[in-house]
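Below you will find the structure I want to go over with you.
In order of appearance the chains are A, B, C and D, and numbering begins at 1 in each one.
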Amino acid sequence: METATLLISCPDRKGILAEVTGFIAKNNGNIVHADQHIDFQKSIFFMRIEWELDGFRFPKSKIEKAFKPIAEKFSMDYQLHFSSEVQNVAIFVSRYDHCLYDLLYRFKAGELPGNLKLVISNHTDLKPVVEMFGVPFYHFPKTKENKLSVEEREIELLEREEIDLIVLARYMQILSDKFVSRFRNRIINIHHSFLPAFVGAKPYHRAYERGVKIIGATSHYVTEELDQGPIIEQDVVRVSHRDSVEDMIRKGRDLEKVVLSRAVRWHLENKILVYDNKTVIFE
Amino acid sequence: METATLLISCPDRKGILAEVTGFIAKNNGNIVHADQHIDFQKSIFFMRIEWELDGFRFPKSKIEKAFKPIAEKFSMDYQLHFSSEVQNVAIFVSRYDHCLYDLLYRFKAGELPGNLKLVISNHTDLKPVVEMFGVPFYHFPKTKENKLSVEEREIELLEREEIDLIVLARYMQILSDKFVSRFRNRIINIHHSFLPAFVGAKPYHRAYERGVKIIGATSHYVTEELDQGPIIEQDVVRVSHRDSVEDMIRKGRDLEKVVLSRAVRWHLENKILVYDNKTVIFE
Amino acid sequence: METATLLISCPDRKGILAEVTGFIAKNNGNIVHADQHIDFQKSIFFMRIEWELDGFRFPKSKIEKAFKPIAEKFSMDYQLHFSSEVQNVAIFVSRYDHCLYDLLYRFKAGELPGNLKLVISNHTDLKPVVEMFGVPFYHFPKTKENKLSVEEREIELLEREEIDLIVLARYMQILSDKFVSRFRNRIINIHHSFLPAFVGAKPYHRAYERGVKIIGATSHYVTEELDQGPIIEQDVVRVSHRDSVEDMIRKGRDLEKVVLSRAVRWHLENKILVYDNKTVIFE
Amino acid sequence: METATLLISCPDRKGILAEVTGFIAKNNGNIVHADQHIDFQKSIFFMRIEWELDGFRFPKSKIEKAFKPIAEKFSMDYQLHFSSEVQNVAIFVSRYDHCLYDLLYRFKAGELPGNLKLVISNHTDLKPVVEMFGVPFYHFPKTKENKLSVEEREIELLEREEIDLIVLARYMQILSDKFVSRFRNRIINIHHSFLPAFVGAKPYHRAYERGVKIIGATSHYVTEELDQGPIIEQDVVRVSHRDSVEDMIRKGRDLEKVVLSRAVRWHLENKILVYDNKTVIFE
């Protein structure tokens, strides 16, 4: 059953929910999910509403126009998605393969509702793995000097393939501000610590040095500031004095896989709203 | 700011959400929380909606009448609550004191939005504790023979004190079907296992015997069947071969306190809907 | 650095620890790990001790004989392992592929210290996956009628390949008592519930029906009684009324993978002692 | 049954374990717990060993002298404790009462094996609570100006009462370096964040601002650097965009209680070894 989904944010006012649900009901839509949230501190209203298109008065191409007056009345930021539209995905990876394998499997198994179009790497190590799953692999080696020009070629490829979402599956290169702003809120990274603890390099080593009793992983949208983007998901696992750095790395790998794949799934299901460097997850 | 809350369940149909939110909006109510859920398997619609009464067209005493036509149109089961109405609570306890202390503290500290009116026990051991917190203590010793007649006196007391919610804080007596049906979905019990594992007596001992690696606690509404009522909340903690039964009991106590108090809070905040021997928690 | 590991269980008495550690020290062994546990209820002593072979007075082939007098003095059950001996592993699988993929990756990545020699299935669906990873695949279809004779051929293959450990990665056939007793404490199964809750078929459906708030997965050694063997590891994940059976199955898959792989790793690292239908895990 | 416990740390060498266990065995001690750990990175050996004194060749007063040669041979730091010696405890508190209540209950219920001798506060708000539990309450108001002289009077009281352990149960004053060094590794603090995230003031507010999906609490020994001491225990709870700062504070309170009380219990059971600004917990 095909559905439409509206993701809305706007200044909080009386009557928004009634107006939006009224719009769907009056036009004979059957609401299957509705979730709203109000940030009372900032007085912002958020909503995700999904309804069946079967029997809805407007064809897909006309819904946006029909909804526009409501959007304007409440000064809404909104996105309209259809379940029939599947996003195109690119994975960026360097040499660690655990997140890559995990994502390759999940896309192949249909767990993640997206088209995995290609994998980009700054190394060739994982080419055989990617090709084993029948996914095109592109090698873009980078140096300090050529970084910006290589990124331009990457962007060209991503645009040609109409990529909607970029997943950094332990990609060990920092993207330029230009690249990041080109794919605002469409690049998901996995950081192998419980942010904001251990921003930057070698978080497991630093967790070991600090003697923490729990380690974590964090998936977030990439912004210009390293590891400072909106957090999508986090999870943790217990460690003890018995765990060496290698044990932490091993335990962390399982966290990274799960935390990254949850973020990718929610993004592809249009369940994430970003505001104020935070996320609302309509899970 | 005083609010009204509607808890609704009814057969799923088009237009319910629009009609309910429209009712509030047209009458100048400001919705502060709205949450809905559809059980697609059984085709049942659930909703919790809360709005500010300030400026709402109807005074509290007239809201129910005004809402009735909508309720009837959709064959709704519904409850209407006001934030100004605070529920009266009775705790039943036997000899274990950890949940009792925890609840006494939480009510005293204002963490639980209810009037703790009294504590009933089949023993006198915990009288000093209860009185230390300034709460009336009633001793109702029970034997197999006098159980039903003692329960009648308990019910009399509970009715006189207009008790809305009964919390069994490790109460070691099984309530009669008559008692249970008198307070349908208004008796919350804490069971010291991860239900449905280890129904009945001595769950920690049986968990130890079975060699489980995680133990749990479950809060649920009491029904006529032992430990079979709708589950409200569960939580778990890891154990190992190093943990003796006594260690499990100690670890479990912290679980029981937290799991019971969450259930009590959600109930007092009118966040729980019961159907089909399950709960919807609009947390 | 090659090490030897002793896994010991015996009636608890004074002096065991001193005697065992004295044996290693006097013979110039450097202990790198030592862990002991006493079950005071049953008065049983358990120990895992690992020491470096470099410089140790006895060559590997003579250690057992040298240790025997101590073992006899304390009526020990014991196993002696060397880090240089790597166990041979067979995976049994039916049609669900998530645990299979996960294990194939972990063996390939060197996360699991074993030789994955072969995969056996009662279906052919997963043949391409197994072969993609370069592992031999054997198809043994089973019916009620031919089950015992097919098992005999499986045993023949397992013996020829000198398989030490069998991993049931969602294998949907119940093994005969004969098969089970042939590989006592060497068959690890993953059950997709938090045992002892939901023994048997369709645990996620039953968890959904019961309305639990947490679901789990359990890895255990297979015994003659279904889902009653010694539990090795369990883990859980939170669910809510929003989760359909399908959501539970999806969330559960990630649990199953992690819980099964931990059990396999501990087994291959000789960290598990079984007694009294329970496990001691010297993690 | 009275026991002795040795907590040992020393440079790692061959034969330590054999020598220590041999000492106990030869003198007819029955070991009930033994746990060791080696930090291979720093080559340090750690051990906790506990044995029954009944039948042991040396009376309590002579054990230390008898053990000394071994300690010297291996350059050990060690502590010798007897289960009959119960530590004296002082709680420091300001105005938040949740950890205080929790500790008062646990000491009263016998969950924590220590003598709670007194409570010190810089406010008088919690005097009635403390006295309700029959514990002496001391009021030491502090200003920037009088801080050091007030601390001297506190130290005088703590020495007179022979306090072994100080628990900061949300005490809102920073102790001077002099005070801290006087009670090295004997002051336990609860910090209401997942350290090293959100060191310092208002961690819940900052967690809210950062949009984390999990919050935590950390118990640690107090050192001269704020929130930088050796971590004893941590735990976490999930939050979402729905949680306001107040919700985080409420959820956090339950964490703080549990995380603090675990640290206090382990300390009182002599299960913690501190080294290199980290802890080894022989749980």
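Here is the rule we use: a contact is a pair of C-beta atoms (placed from the backbone, for glycine too) under 8 Å apart; a residue touches a chain by one contact, two chains touch by 3 or more.
This structure is a prediction, so every number in the text was calculated from the model and none was measured.
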| item | value |
| --- | --- |
| Farthest chain relative to subunit A (centres taken as mean CA coordinates) | D |
| Distance from subunit D to subunit C - Cα centre to Cα centre, in angstrom | 37 |
| Numbers and ranges of subunit A residues touching at least 2 other chains | 40, 242 |
| Chain-level touch network, classified as line, ring, star, complete or other | complete |
| Residues of subunit B defined as touching subunit A within the complex | 14-15, 17-19, 21-22, 24-26, 28-36, 38, 40, 238 |
| Complex interface listing, subunit D residues touching subunit A | 37, 39-41, 194-198, 210-214, 216, 230-236, 240-242, 244, 276-281 |
| Contacting residues of subunit C [partner subunit A, same complex] | 97-98, 101, 105, 109, 111, 132, 242, 250, 253-254, 258, 283 |
